[in-house]
Amino acid sequence: MNENARRAAELIRSYDGRPLRIMEVCGTHTHEIFRLGIRGMLPEGLRLISGPGCPVCVTPVGYIDEALFLALERGCTVCTFGDLVRVPGTSGSLASARTEGARVQMVYSPIDAQGYAEAHPDEQVVFLSVGFETTTPASCIAVRNAKGRGLANFSLLTANKTMDNAYRALKGSADAFLYPGHVSTMTGTAIYRELLGEGVSGVVAGFTASELLAALAVIVRMSERGEPFFVNCYPRVVSDEGSVPARRIVSEMMEPVDSEWRGLGVIAGSGLRLKDGFADFDARVKYDVPTIEGRANPGCRCGDVLQGKISPNACPLFGTACTPEHPVGACMVSSEGACSAFFKYDISR
Amino acid sequence: MEQDRITLAHGAGGRQSARLIHDIFRSHFDNPHFTADDAAVMEAPAGRIAMSTDGFIVSPAEFPGGNIGKLSICGTVNDVACMGARPLYLTCSFVLEEGFPLDALERIASSMEATAAEVGVEIVAGDTKVAKRGQVDGCFITTAGVGQVMEGVAPAGDKAEPGDAIIVSGDVGRHGCAILLARNDFQIEADVTSDCAPLAAGVASLLGAVPDTHVIRDATRGGVGTVLYEICEQSGVGVRLDQEAVPVDDAVAGVCGMLGLDPLYLACEGRVVVIVPAGSEQAALDALRASEHTAGAALIGRVTAEHAGRVVIHTPIGSEAILPEPTGELLPRIC
Amino acid sequence: MCVGLPAKVMQVKDGVAVVEATGARRTVSAELVDDLEPGEYVMIHAGAAIARITSSDEDEADALLDAVLPGGSSADSQARA
């Protein structure tokens, strides 16, 4: 451990002020915090809450059902990030659909999915376009490329989401937020200043040990002052203005819609869909996908977990009916999911 | 062009089958015990024997650092070696897809010959079947092997004891990474060759130096992480790993970083996890490092009485984290 | 929510960059970061360079901690923000 990480860790360990609830909004933060064993270093007064920043976890059951419909009923090849493969729909997942003959292709990038469509002209290729501000621009680039090349066999099943309104929905769930480092590369920091004006405290944090410890140390120190604060603790990557080209391509090609977040319900204007000019690349339009009402397992409390209302192990299904091998809720599927992280890394279990 | 590919006639038992056996298998596998009869007949070795079998399916059949032929020899040789045995005889059974190129089969058989020769093991019997196109993927091989267990050694998965040293015989995850790259699903390029290698010599060297070695286990499917969990369960102990001590090739780390994978779960085909009594670690490391395919041996952790059944990682920031238990298919993650 | 990996830019052409992270190379979109040049470091995610990296994480942490820890100059949250 280098000197500054040691100093930060010391500051965190010795915290004995008023109890602080810190929400890590971003699932990759959750994952890294567990992987680095940071929770074990925290004193009693500091509590980390895992928030809803994992696109897999907040994707509603009905979305998986739509993907299964496309794969099984319409015979489409579904290209997806690996994260979604095991997420349960109302009945079955992409993994189980594969055993029934569905074509499911894992990709690293939406742009690769468009490349796959180009290389397989005899297949109808649908990319499962999930993700926040960080991921959405690549989906837009894929569609723009497909349109430019006249590809008729590529489309998106969109479930892209934006964070602004989600931050507001989470207000009050924590005393300070660890804002998502990579979403912020796109959005910039203006939103956090607005939130600061509304009395919401937080810091933008990176993902390495030094960065996470420094960010937590800053939260501890700033909280002692008793005033709302915002600090960009990830300035080597996150600029105040963010990515103008990213916001431009998204606003040119997509428009806001109300969007359902698993557990949080519908948040107005928090989703994105392709504009009418790109309807040929919208899988729902192209393949006439019916409205599907997904049904989550009634015992599943992913929603409360995502809002930080309960700890994952307070859910009645946790570790019994719901495990990483047989997940019931999305929070147990995604390696970023709070339940999965709790189950896999919880040493006290 | 039909002559350049496997046809159903090659598996029908007639002239074509005979020619395939003569041109490819007999020419590569020839040895005094290689049989044209129904079974090979050999002298029985003295003492105990170890016997194992393993099936091999890998796509693509040829990859940087090896092919399915080399893999099929290494896999069974290493399984037998892990029980403290010197591998003596192998059998192999091919299932070939109609249309499989004969020159690829030639290269596969040639690799088997070279690997068997390196180990000093004889391929004494074989079988070939041809399946219709689409029924199998190219070339599947099953090998079985027997070896003579060395005097006075009995490594086993249930013998790990608290305080024991945990050694891995080289950098982890290169085979899995090489295969992932060869499939090119993720369009990543990196100079990664499979770690596929026969480990009988390294294991013999180890057991010569540390005859009371507690556990030797080859880390194939599921990688080193999975093997450590298996040993924890079998021996009723815990494991503490020093994260920074686990050897990982730079390019493997880069590929894993892009895809959100942990090299501890990627398959190896030429790595063993070795557990030796406290105090024997230096002798074990020296003995392993003296052999070509185990030259990269490193001490990576200790067996513990605490947290039985769990692998705990000591992180570079001085904290402890659980290594998550592996769960089935490796899924790259992006978000 | 977004796994990122630091990588070095090797080539840039027509909005596409070849990047390398400890020996692993890939083509990624260079459209989201203005004026990328070979030799620069970027954060990559899902096949796109999402930001330029301007210093090491340890230097960054040093600067932050100097500002907030006893003995360091007082943090000005607005200035930093």
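Observations, loosely collected:
For reference, chains read A, B and C in written order, and residue numbers begin at 1 within each chain.
Everything that follows uses one rule, which is that a residue touches a chain if its C-beta (ideal position, glycine included) is under 8 Å from a C-beta of that chain, and two chains touch if they have at least 3 such contacts.
Since the model is a prediction, treat every value here as computed from it, not as a measurement.
Each of B-C and A-B has its own count of C-beta contacts, and the greater count is at A-B.
Among the chains present, the centre nearest to the common Cα mean is that of A. Averaging Cα atoms per chain gives one point for each, and the point farthest from that of subunit C is the centre of B. Measuring from the averaged C-alpha position of subunit A to that of subunit C gives a distance of 20 Å.
Each chain gets a centre from the mean of its Cα atoms; for subunit B and subunit C, those two points are 39 Å apart. Rounded to whole angstrom units, the spacing between the C-alpha centres of subunit A and subunit B is 37. Contact with two or more other chains is made by residues 186-188, 258, 260, 333-335 of subunit B. The set of subunit A residues that touch two or more partner chains comprises 5, 27-28, 54-55, 81, 108-109, 112, 131-132, 134-135, 213, 336.
Across the assembly, subunit C contributes residues 1-3, 26, 45-46 that each touch 2 or more other chains. Contact residues on subunit B toward subunit C in their complex (touch as defined above): 186-191, 249-251, 253-255, 257-258, 260, 333-335.
Per the touch definition, subunit A reaches subunit B in the complex via residues 1, 5, 9, 27-28, 34-38, 40-41, 54-56, 81-83, 85-86, 95, 105-109, 112, 115, 130-132, 134-135, 209, 213, 324-325, 334-336, 344-347. Across the complex, subunit B meets subunit A through its residues 185-188, 258-260, 307, 310, 312-313, 315-322, 324-325, 327-329, 331-335. Only residues 1-4, 26, 28-29, 31-34, 43, 45-48, 50-62, 64-65, 68-69, 75, 77, 80-81 of subunit C touch subunit A when the two sit together in their complex.
Note for the complex: subunit A touches subunit C at residues 2, 4-5, 7-8, 11, 25-28, 53-55, 81, 108-112, 131-132, 134-135, 137-138, 141, 180-183, 185-186, 189, 192-193, 196, 206-208, 210-211, 213-215, 217-218, 221-222, 229-240, 243-246, 249, 336.
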